[in-house]
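Note that the chains are named A, B and C in the order they appear, and that numbering of residues resets to 1 at the start of each chain.
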Amino acid sequence: MNRWLLWMFLLCLPGPLWALDTEEIKSIPETAKVAHQYDDPLEAVARVPAFVTDSRIDQLIYYPCENCHTKGMVAPNDKVRTLELMHMEINLDHGKGRFWCTTCHDINQRNQLISLKKQRISFDQPYLLCGQCHFARQRDFFQGAHGKRKDNWFGPKKLTNCTECHDPHVPQIRARLPRKEPDPRLGLSIDNSDKHHRHQPWDQAKEEHKDEVHQ
Amino acid sequence: MKLIRFFIDCAKVSLSGNTAYWAWVSVLLFFISMGGFTYLEQMRVGLVITGMSDQVSWGFYVSNFTFLVGVAAAAVMLVIPAYIFHNPDAKRVVLLGEGLAVAASLMCMLFVSVDLGRPDRIWHLSPWPGMFNWPSSLLTWDVIVLSGYLGLNLAIPGYILYNRYQGTEYNKKLVFGAAVLSMFWAISIHTVTAFLFASNSARPFWASALVAPRFLATAFCAGPAFIILAFSVMHKVQAFQIGHKVIDLLSVIVAVSMQINLIMLAAELFVEFYAEGQHSASARYLFLGLDGKSALVPWIWSAQALNVGALILLMIEKTRKNYYFLALACVMAVIGIWIEKGMGFVIPGFIPTPLGEVFEYMPTWMEVKVALGVYGIGALVFTLMMKPLRAIQLGLLANPNLDLVAAKQLYEQREREALEQRIRGYETKIDP
Amino acid sequence: MKFTNNNLPDLGRRKAIRLVGMGAAVGMGALASGSSSLATPNMGNVSLADQVGSFFQDHYKRMSPEEIQEAIERLERKYKSKYQVEVKVGDPKPLPDVLFGYALNISKCQGYRECVKGCTAENNQSKDPNLEYIRVLEMDRGQMNLETADPYYPSTEEVPKPGKFYLPIQCHHCENPPCVKACPVKATWKEPDGIVVIDYNWCIGCRMCANACPYWARKFNWTEPNLPVDTVNTQTGYLSNRPREKGVMEKCTFCAQRSREGRMPACQEACPTGARVFGNLLDPDSEIRYVLENKNVFRLKEELNTEPKFWYYSD
């Protein structure tokens, strides 16, 4: 009897998880606009100047992800692990270890991204996903102070999507070689060897202190 | 008709002379030809033959222009005593001074012209048919004041000489009026040239209220010094009899102007270096060097040494009255100010650039050759003008059979009589 | 020494010697000039009629639409013969109710110099040595002293470098432009859309404007520009990126040939970091206005009251 009850209890345990995965995920229609529901990611877009972005889906190598992930080839696996068969090139350096694939990719609907509140987001709208944490950047992005406007400065507004510049898995912009240095006039040459750099106050203080130690 | 004959006669005198004269003309022609052909090359390939760059966009040409504006303005130091105070010694040589002003302002215009990237479009720089950004652009002011000054200095002596050539008396009131005008005009050419630089708030080294007064001080120092030297040479080759009183007067002017100049230099140095801000970077480059670059440092210190040396020689009466020391002092003052006001003023204004880059400038030989050509033209014009001037003044043109010695005696006698008449005039005024 | 003015006897020989002497002086001068040591620049084959036409060409603002059209055709013929390629010279006019402004995010700029590259590809500047409108300064962090800036940071070292930030500078298109004041022939002026332009056919090359500019934005053609055919941008504007000639000044025009058609300037397009924001200052909904109203912005050398329309901001 006790044993039977224990089994029942154990069986019920994943229940809430099950419910979360299947029923609570809302599919957001593109035009949805609910004034009071501030956690709706599309709400942010509804209240900013209209814009479009180039489709990202066309640029993704593996898209549609479902081809492998839900059509029975690979079973969902939420376990944090080292990927060995596919996606080995992804070196997740974002969130300082707090994230796993399924933080942003919907484990059930692989063609979609997912917010922390389990709302599905298109791969074409990564700014909705990034904006969850980077809300200040997101505001600047919508208004034009972050990211970049494409092609024209008036008329329909097309913005560069977050993922066009940032690799979402390694979002830091990396150092690289710059283009050619400026030239002098024809026939003249640059002598930049003795360029002085003013000492910073802390450098000066350090040097003065060194002298004191010597004495 | 008579005017044309006047010019033909003048030209005839200009084109006659002994072997030494023609040798001198040939030397000038050599420099003019060298400069001219170098300038043709510059016209063909552009200002790339100079040492100028986007960093230092004005160089040797504008430096010499700046210096020569001072020389041109200095004629006023003879005009004032001659026409306003009727000083007889100054009157005798004032035409020489004005001739020098003509040559110097001509050279100024040539130096600005050779500095243009598009000399073929120089006609754009006119109210018609060009487009004149007056009164906003200081270069248009410079065009006006320089050509006006050139015109005045051609007109006044021309009018006087033409009258003497005809044997008539010139209208004294007219000349007085023109002299007063040219007096202010002389100040204006230098002030405007100073403002040409000082108007650039982007260049803190130039954007100083002291630039114009300092320009005037250096002009009235280098200019009269240059005139003293020119007079000494002309006296030496017996072209002209120069009275020592004029030389004394001019040497005192040189001394006083040099004192004023050095006081202003000291004031500038104090402001630049006491609380040395970012705007003092050019002064630091000029006097001490910046970022390991110090091409102008030896030049500016030599200039100051020459200036101080000249001042000492001029302040001691014994050396000032000694013509060898005076000549030495004048050479020192001219070279010192040529450096200080030319390259020592124009170039550091560009260094560092408004973006903080220290990029040095060194004139190329081509640039120096063009400049020598311009100086050659100036010297040739001055030489060609001096010949008929002397001939007319001595009455040789009116009376070709006159002997030179006799002519000089006649001339001096006439001067003496004029002076005595003036003194008598004063006496009657005092004691009617 | 007897003064002689019209003594003519026995002058034949003497005169001859004098003439020979002076001729020799002139000849020696010619030799000493060392002329024609440099190669003849490629000027193209321009017909006499076109040469005369361009010599007498009037100031842009004084030309009638027909005269401008003629001038443009002359230019197109010249470019055709010089570069063996059809160059189209447009003349886009300023748009109504537009005042251009630029903002640059210095916390985004990484110093890649991509803007410089984009600019020189667009604007037909002289190549090798490159004439560049944009100068990217590498600055020490912790100060804002341009004198410590290094514009020559090498292309062999990765940027951004630690302890450095990057400050690109180009023409600031001042509302109160000192260059326009300084130009003696009105060859440069501020258009109604705020762009400061140059009539390259009117400029006399005196460089007054370059001296007046506090931002070192103006660049001079010290010799005939070297523009290889494969680098020619054939879509040009009369007051902006058409190929220039020697002896004239040029500078950034906010790519008037693009911006007046609604497009972004080449530097904005080339910037890989999105540090550059360009737009219409008169449009309260524009990105540039958002930046100016919501970010902490500054301008260079504001104490000179030139009122630049080029702002810097940081996140």
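Operating definition for what follows: a contact is a pair of C-beta atoms (placed from the backbone, for glycine too) under 8 Å apart; a residue touches a chain by one contact, two chains touch by 3 or more.
From a predicted model like this one, the values you see are computed outputs, not experimental measurements.
**Q** Could you classify the connectivity of these chains, where an edge means two chains touch, as line, ring, star, complete or other?
**A** Here the contact pattern is complete, since every chain touches every other one.
**Q** Quick check: more C-beta contact pairs in A-C or A-B?
**A** Answer by contact count: A-C.
**Q** Just curious, how far off is subunit C from subunit B if you go by their C-alpha centres, in Å?
**A** Chain centroid spacing, subunit B to subunit C, equals 35 Å.
**Q** Report, in whole Å, the distance between the mean C-alpha point of subunit A and the mean C-alpha point of subunit C.
**A** Here the centre of subunit C sits 41 Å away from the centre of subunit A.
**Q** Can you work out the whole-Å distance between the CA centroids of subunit A and subunit B?
**A** Distance between chain centres: 72 Å.
**Q** Where in subunit A do residues touch two or more other chains at once?
**A** 184-186, 190, 195-196
**Q** I need the residues of subunit C touching at least two other chains; which ones are they?
**A** Answer for subunit C, listing residues that touch two or more other chains: 135, 145, 147-148, 151, 222-223.
**Q** Listing for subunit B: what residues touch at least two other chains?
**A** 48, 52-54
**Q** Note which residues of subunit C are touching subunit A in the complex, please.
**A** The touching residues are 105, 108, 110-114, 116-117, 128-130, 132, 135-136, 140, 142-143, 145, 147-148, 150-160, 222-223, 259, 262-264, 268, 271-274, 276-280, 283, 285-288, 290-291, 294-295, 313, 315.
**Q** Which of the residues in subunit A come into contact with subunit C in the complex?
**A** These residues of subunit A touch subunit C: 49, 140, 143-155, 160, 165, 173, 175-186, 190, 192, 195-198, 200.
**Q** Could you please specify the touching residues of subunit B with respect to subunit C in the complex?
**A** Those in contact with subunit C are residues 12-13, 16, 18, 22-23, 25-27, 29-38, 40-41, 44-49, 52-54, 57-58, 112, 115-122, 124-125, 130-133, 136-140, 143, 199-203, 238, 278, 281, 349-350, 352-357, 365-366, 369, 391, 396-397, 400, 403-404, 407.
**Q** Show which residues of subunit C lie in contact with subunit B when the two form their complex.
**A** 1-7, 18, 21-22, 24-30, 32-38, 40-41, 55, 59, 62, 135, 137, 145-149, 151, 169, 178, 181-187, 202-208, 210-216, 218-224, 246-249, 301, 304
**Q** Which residues of subunit B touch subunit A in their complex?
**A** 48, 51-54, 290-293, 358-359
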